[in-house]
Amino acid sequence: MLHSLLEKINKNIPFEKASAHCDVPCGIYDPAVAQISALTVIRMTDLINELADKADKTIADEARLVRLVNEKEDHAVRVKEEIRIIWGDYFKEPQFEKVPNAHELVHSIMMKASVCKQGVDRQVAVELLELVNKFAEGFWATKGVETFTATCPYPPAEKVVYPKLNG
Amino acid sequence: MLHSLLEKINKNIPFEKASAHCDVPCGIYDPAVAQISALTVIRMTDLINELADKADKTIADEARLVRLVNEKEDHAVRVKEEIRIIWGDYFKEPQFEKVPNAHELVHSIMMKASVCKQGVDRQVAVELLELVNKFAEGFWATKGVETFTATCPYPPAEKVVYPKLNG
Amino acid sequence: MLHSLLEKINKNIPFEKASAHCDVPCGIYDPAVAQISALTVIRMTDLINELADKADKTIADEARLVRLVNEKEDHAVRVKEEIRIIWGDYFKEPQFEKVPNAHELVHSIMMKASVCKQGVDRQVAVELLELVNKFAEGFWATKGVETFTATCPYPPAEKVVYPKLNG
Amino acid sequence: MLHSLLEKINKNIPFEKASAHCDVPCGIYDPAVAQISALTVIRMTDLINELADKADKTIADEARLVRLVNEKEDHAVRVKEEIRIIWGDYFKEPQFEKVPNAHELVHSIMMKASVCKQGVDRQVAVELLELVNKFAEGFWATKGVETFTATCPYPPAEKVVYPKLNG
Amino acid sequence: MLHSLLEKINKNIPFEKASAHCDVPCGIYDPAVAQISALTVIRMTDLINELADKADKTIADEARLVRLVNEKEDHAVRVKEEIRIIWGDYFKEPQFEKVPNAHELVHSIMMKASVCKQGVDRQVAVELLELVNKFAEGFWATKGVETFTATCPYPPAEKVVYPKLNG
Amino acid sequence: MLHSLLEKINKNIPFEKASAHCDVPCGIYDPAVAQISALTVIRMTDLINELADKADKTIADEARLVRLVNEKEDHAVRVKEEIRIIWGDYFKEPQFEKVPNAHELVHSIMMKASVCKQGVDRQVAVELLELVNKFAEGFWATKGVETFTATCPYPPAEKVVYPKLNG
């Protein structure tokens, strides 16, 4: 069934036409990378908070904190970058019709990722993932691809929006 | 059904124990990034070959070639990096038991990605994706997650191995 | 006179309060870097087009083309990055009141920079600079700093928006 | 008046000739980026010292310290890079005639930036900015552009050397 | 004597043939960079442990810790990268014949570098250098170049495997 | 003999004192990385010139040219970076006494590397290596380590200055 859906998609998205107006002409856009980075922000926040609960931190614990913070930072930036690229390169008139609040959604992702960078509040990190999931949902809608939500198969085991594909 | 599968996974992969022996402790490993990069290598190879067929190349065409080659190069390197990280950080005794030929598979990905970097042969790029898919299959096996194969919902519309997840 | 203006600014922007809600807390935002990069995109486009007019290109000319295209590419990306950072980190309610069309302006910069990356049309590169200038004007308005327009003192000698400061 | 000055500059700097002997041929050199980075080093040093005064540091404070140190580090390196590029690519015989102590000045910037990287002494960071300002002054002299000093319109609100330009 | 050895090498490694099957065709492979990075990992580990012994850490000490950890991290990653490149680009059938355990050796370097990233145990860092030295020995064997072991002429003054060359 | 020389060095360079005044305190400085990069610049220049001699360039040849130019560019920049770091971080009064012309030598390396970036003249690339060798000689002199010259054991098989060490 999915196979025939994909055939329809192939017919409905004339790739040649697409290639005329994208950035690296017809670069591949996929929100999965941003989603994995948002998951990593949650994971690192969790591990930082575990350290917070430790009574006497050794120098190895302190070194570990540096690495966890860096990892959280890098992935929060990657979320921003990946979303900026899809929004800034791929979103044009037809996409904005499908996702009318794209500007506000993208800006709220930027703001939320900044709050994640500044602090260690798990709830904020989860909210970042939820915003990125909303963006992914909109993105797949512009492609005519249905989505579903599932728990990602590794820690932090949070809900992620995936495209519906079948073998 | 998947939900209950995931609950089983959650029980079977004791995360705390895992966190004791991974690199950025409990970094998130997901072969999706490598797979997207392998798809991009194919896509760029296609676009380069389209240019090859053009009779009189303008300076804009030549500039475009530079960008396509750079994009192909960057993503071939990213394939190598992502696979190196999963193999070098996450693969230990239990994983090698599940994927006994991991060393050879990883080395063949390195070699194939090098050939992709050097040339513009579409078939070689497809072979790179197939090797990365094989690695993804092995990776998900180590996690106890089933996989399926589907055509990716954007160009180059090639077969990709995905983890089987349900909403 | 400017000195007294600056004293007023110092009074009107309570820095401590500001530090409570910015990204790297109180990172320094200045559109100058984006403007210099937009100028570089024009400059590289000019130099690429000079090469286009050359009859028999030597291997050194072709190597030079690669470098010019890379430089154009890098600076177009830097424009996107610098604008994304100011918009995504610094623009909040008070700033959007001063620059109500900020979302559209930022998105148009992303789109224009993409067109600059894809082609070698000088006019498009000049339009990118004009959009970045408009953003700079809005940015300085949010800071309560007046601006003026002057030709930049080096090639490509185009009009740039500067903050009005006096010794 | 400045406008006519700029017209004179345009006549006096034969751009085509210049393009014959610079690095990325006729790359754009502007000390503004180094100056903004030197200001950022001061700003980050200030914010680190604010943290030093805090009695009981939470894990969020410690995470913030990591980010502030990284930001200070990155911008101290960027100062070095930007100055190295202008000095190493653009400074040739005619420029050394205008700025005879350029070698010593550049080396002292490198040394001062290293001390900024190693410590958190505000005075040293201000001295780095002063050296970079001196370099900017010399740079604009080689371009035949006058300069003036003004307080930068954002924290850390320190004195910066700007080129004198008029609308 | 070495000179004549080198002449023999020049005869025995037909460079043109080599250029047909390497990555960046005939990139230069030299394990020295990985060895210097492994030495840096040891050095940074030593400096971190010196800090651990300090009773009351100032904010400057804490900032220094961040930098030392980052430096250790970067060089552990560089070890992985450099070894991955040589193994993944240059090692083919003839090289594996000379170094039959290359896969295991490379994987053990990846694992050991990960442990160095996670902790501050000097002994582990020394073991990383020893593994990299073993790899260097194997590499030079594939080139037909003899090696010798000497203490490196700077801290941490550990044993390093060098190629035997004469003036 | 070398072993005893090294023991003397260990006695003569009090590391603790050294750690008080270097950049990343007691970072490891070694000109080998700059020398390997200079060799790579020569090698890439050779391979580019081989391409120049080819009559009808295929699209694969043109793609190869892009990669070779990028590789040449990256390594010319790395030469500049590595030399800038050693000169800017490590060279202080005692080092300038041993290498009185260090400023001029470093600046000439910057200039020469720029010419290498701009063109494809093998002779210029060899001159870059010779300057870097001179710098290496001076560097080892500041460490009290003798040097010798040997042909590097891989293409481009040029003369390189090495520190004299024995097993």
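A few comments on the model shown:
Labels for the chains are A, B, C, D, E and F, by order of writing; each one numbers its residues from 1.
Basically, a residue touches a chain if its C-beta (ideal position, glycine included) is under 8 Å from a C-beta of that chain, and two chains touch if they have at least 3 such contacts.
Just so we're clear, the structure is a prediction, and the values are computed from it rather than from any experiment.
Between chain D and chain E, two chains of identical sequence, the interface residue sets overlap only in part, with shared numbers making up under half of the total.
Among the remaining chains, C is positioned farthest from chain E, on the basis of C-alpha centroids.
Between D-F and the choices C-F, A-B or B-E, the pair with more than half the same contact pairs by residue number is B-E. Measuring from the averaged C-alpha position of chain B to that of chain F gives a distance of 36 Å. Measuring from the averaged C-alpha position of chain A to that of chain C gives a distance of 27 Å. Centres computed as Cα averages put chain E at a distance of 18 Å from chain F.
Each of residues 24-25, 64, 66-67, 70, 117-118 in chain C touches at least two other chains. In terms of which chains touch, the assembly is arranged in some other way, matching none of the line, ring, star or all-to-all patterns.
Two chains count as a pair here when they touch; such pairs are A-B, A-C, A-D, A-E, B-C, B-E, B-F, C-D, C-F, D-E, D-F, E-F. On the side of chain D, the complex with chain E involves touching residues 48-49, 51-52, 65-66, 69-70, 72-73, 117-120. The residues of chain A lying in touch with chain E in their complex are 58-60, 62-64, 66-67, 70. Note for the complex: chain C touches chain D at residues 2-3, 6, 9-10, 15, 18-19, 24-30, 32-33, 36, 39-40, 43, 47, 64, 67-68, 71, 140, 143, 145, 148-155, 157, 162-163, 165-167. Chain contact summary for the complex, chain C toward chain A: residues 22-25, 80, 84, 87-89, 91-92, 103-104, 107, 110-111, 113-114, 117-118.
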